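Right, I'll just put the structure down here and ask away after.
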Amino acid sequence: MSTFIDGLSLGSIYALIALGYTMVYGIAKMLNFAHGDIIMVGSYAILTTLALNGHPLIAILAAIIVCTVLGVLIEKLAYKPLRGASPLAVLITAIGVSYLLQSVAQLIFGAQTRPISLVHFEPVVIGGVTISLSAIISLAVGALIMICLTLFIKFTKLGRAMIAVSEDRAAAKLMGINVNMIIMVTFAIGSALAAFASTFYVMQIPNTSPTLGSMPGIKAFTAAVIGGIGSIPGAMLGGVLMGVVEKISLSIPVLAPYTTALEFSLLIIILLVKPTGLLGKKRREKV
Amino acid sequence: MAGYFKSVKKGFKLKNYISYIVITVFLIVSAVMALTGYMNRSTQNLLTQIAYSIILAVSLNLVVGFLGELSLGHAGFMCVGAYLGCFLANYLHTIIPSKLAVLIISMIVGGAIAAVFGFIIGLPALRLKGDYLAIVTLAFGEIVRTIFKNQKIFGGALGLSTKKYGSDLFIVAFIVVLIMLVFIQNLVKSKHGRAITAIRDNEIAAKAMGINVTYYKLFVFVISAFFAGIAGVLYGHYATPVLYSFFSYNYSIEILVMVVLGSMGSINGSIIAAALITYINFQLTTKLSGDLAALKYLIYAIILIAIVIVNNAPALAPIKEKLSIKRLFNKVLGRFIKHKHDPAKRKDDEADWDRIPTKIDMDALLSLDVKPDTSYTPDKREEK
Amino acid sequence: MSEKYMLETQDLGISFGGLKAVQGIDLKIRKNQLYGLIGPNGAGKTTIFNLITGVYTPTTGRFFLDGEDLTGKKQEVINHKGIARTFQNIRLFNNMTVVSNVMVGLHNQKEFACSPFASMLRLPVHFESETKMRDRAKELLSIFGLEDERNNLACNLPYGKQRKLEIARALATNPKLLLLDEPAAGMNPNETEELMNTVRFIRDKFDMTILLIEHDLKFVSGLCDEVTVLNFGTSLYHGEVEKALHDPEVVKAYIGK
């Protein structure tokens, strides 16, 4: 049972990252490989603020600001010039950005893992099961963000413009939607979500290193794909599923060393059997 | 027989053979230097590294540059070759005295097993494209690594210890490079290469023209994995132990950097870039220590981003056209040789095979969607 | 089957998620015929092409080429059996030369067979087939007056020539039935006139059966022996061109009431 709860809380982190992936993929039609590394930057922002004797809340705020600005900056400098170029080019650039962030972080902060003590919650015991409070908080916040995001997209002008851009960029442009602005906002939201993810990440695993983001990033992408890329509830579902699978697999001694392999096999199988994911829409090529 | 040579001569262009000539001359010179003791061990090691990097880069280029699919699992194929090929080599050493024979057999077997994996990973390539395929290949590489890490017979987390071949390994390695170049260049410049580039340019049209897309995609993945596997075996004979952590996706990306730097779809470019990056790498690893090692990755990152943006940004296209070296060259040359670059006056076969920009219009594909338009329904018609 | 048709479709139809895009299409095209498929936008003309070439699998009905049932076959197999097509929105291999585009079309013909390993090892058969392919490609290009452009990249050709190149490439696959999807779209009257002659020439020289989609009614009436008019995914009329243009139903579909 506690394994399951652990899985849920890890899953909520994956879900937050996956939300960022799914939004960017759905609207900008690109796999933002550097998304995981934005989380890493967020964790360093928290580390730095705390080192300067900042209050934990200020640290979280700093992470959000740094990540959002960084996300928009990356979009403007690296991805925007490539709008309309081949997706292969965009993907390779995204990989380049990911490398860039990692190496810059390593040059500044060093390769070693550094401890972060953001906040410490005493675990609570509910019905004989010990549950860490941070797990509950991250789950609740994750769900809240998902609901807000869904409402935002459904009921605001900006949100509807986002749907329009994701459906048909050219037509949206003709309807007077500022596509570049919409994509920028998407990146800003996605990166802000990454900041939340890094907050919860350091709450659960209180340390950071330059490669912090790469594995969770890939796993969260897997989660987004499993849920159906472009779908917000899908990202949430996929993320939670991924977290639970990981924790359960880790708790079984025979499977534990193969956990990564298991998760990736899950990705390959889902992509082959149902490439649109659990909640995704089908797209068809027009001839 | 005479007819054969005639046809070879007819299609002969120095440009196509320049890489063979340069590498052969280079190989002979350095082999002589090494055997007479004029070349130190460290340089010979560097040459071995360059050789297997070239194999990796050129074979990846076949997938990325010519087929137009991004593979981030090239290190995975190399890993398969390295572990299984060297495992076999360890056994063969006990029964065959000649180390060269052991190396050759293990290269062939390691390559073949990697090719089987190439086939397996090629299967998703039939259904998936672009980003999805990239992530599947990445996942494949990580899965392979994790499995080897947990197998006791392959040394587990300590890695598989192998018997080093000796510093003259680079001679064998460069001969392998030459053989690979013969295979891949000839493949690319044939009707099959044309079919592969046709799939890259427009898969739907290629199918409509009767090209067996399934066959060619699998074929490319198999060939590419085969050579990556061979590179793995070479690596295993150069470095010991063969350790799973070496084959992480970072290494796949390093190979991708070589391909991108050398320009996708250009084999000669891949060779030069592989040599260059390996050399820089070699120098940096000896000079930089600790956290400064990240500088290497920073350089990679900048290379990737800068090259891709300069080559692909639509806004930069006209500027690039103006500044292109080729254009400048033609301008200068055009004063002396008239009509040389008039396409109509060009001789056959003179068209550029290399340096075709890769462009898949995935964006257009994704944005198109067959949607039921209610205004066309038969029911509506009845209403009228 | 009393008479043998080059292409016969029986009750061919497809629905996308409950929507019947095309239904109940019965085409009967005789050998060496020039057959037109016309109709307003969205009538399902290109969808029929996609069905016949295997891009979509029909949900109802079957189709036969020269008496052979090809329903549900893969695109490349259908092409091997003898149906070649062009596309409404041109789909050339843009980064390849004009001559290479045609040579891709020649790829599967038996006389140019050469295994990948023969090519890799540069066996004599490689050179033989390459030379033969190139000669044949040049021959085909000369029909369309493209032989001087053969070493240009396909994407650098002007629009009209790109359309011609698509036809040349389709012809290179040695089809029994050629499907042309709006071949005259975007051409000026002179080019259209020239294209009409070329299409007739192809029919006569290659003994080809041609099915074409076109909006230009002048083009269709000047060229086709028989037409089928589509509207809302069903066939509205089929028969002679002249009569079609005076059929009240057809006029209504085009102009409205």
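Order of writing sets the chain letters: A, B and C. Residues in each chain are counted from 1.
Keep this in mind: a residue touches a chain if its C-beta (ideal position, glycine included) is under 8 Å from a C-beta of that chain, and two chains touch if they have at least 3 such contacts.
These figures come from a predicted structure and were not determined experimentally.
Trainee: Counting only C-alpha atoms to place each centre, which chain is farthest from chain B?
Mentor: C
Trainee: Which chain has the mean of its C-alpha atoms lying nearest to the mean of all protein C-alpha atoms shown?
Mentor: B
Trainee: State, to the nearest whole Å, the distance from the C-alpha centre of chain A to the C-alpha centre of chain C.
Mentor: Roughly 47 Å, centre to centre.
Trainee: Can you give the whole-Å distance between the Cα centres of chain A and chain B?
Mentor: 31
Trainee: Centroid of chain B to centroid of chain C, CA atoms only: how many Å?
Mentor: 37
Trainee: What are the residue numbers in chain A that touch two or more other chains?
Mentor: Only 284, 287 qualify.
Trainee: Residues of chain B that touch two or more other chains: which are they?
Mentor: If we look for residues of chain B contacting two or more partner chains, we find 204, 358-359, 370.
Trainee: If you look at chain C, which of its residues touch at least two other chains?
Mentor: Expected reply: 16, 55, 87.
Trainee: Quick check on the complex: what are the chain B residues that touch chain A?
Mentor: 64, 68, 70, 72, 123-124, 127-128, 130-132, 134-136, 138-140, 142-143, 146-147, 149-150, 204, 253, 256, 260, 290-298, 300-305, 308-309, 311-316, 358-363, 365-370
Trainee: Quick one: which bits of chain B touch chain C in the complex? Just the residue numbers, please.
Mentor: The contact residues of chain B facing chain C are 3-4, 7-8, 10-11, 182-183, 186-187, 190-195, 197-198, 200-202, 204-213, 219, 343-344, 346, 348, 350-351, 356-359, 370, 372-373, 375-378, 380-381.
Trainee: Where on chain A is chain B touching in the complex?
Mentor: Residues of chain A touching chain B: 25, 29-31, 78, 81-89, 91-93, 95-100, 102-104, 106-107, 110-111, 167-170, 210, 218, 221-222, 225, 257-258, 260-261, 264-265, 267-268, 271-272, 275, 283-287.
Trainee: Report the residues of chain C in contact with chain B in the complex, numbered from low to high.
Mentor: Result: residues 16-21, 23, 42-44, 53, 55, 75-76, 79-80, 84-85, 87, 91-97, 99-100, 103-105, 107-108, 112, 114, 116, 119-122, 124, 126-131, 133-134, 148-152, 169-170, 172-173, 231-234 of chain C touch chain B.
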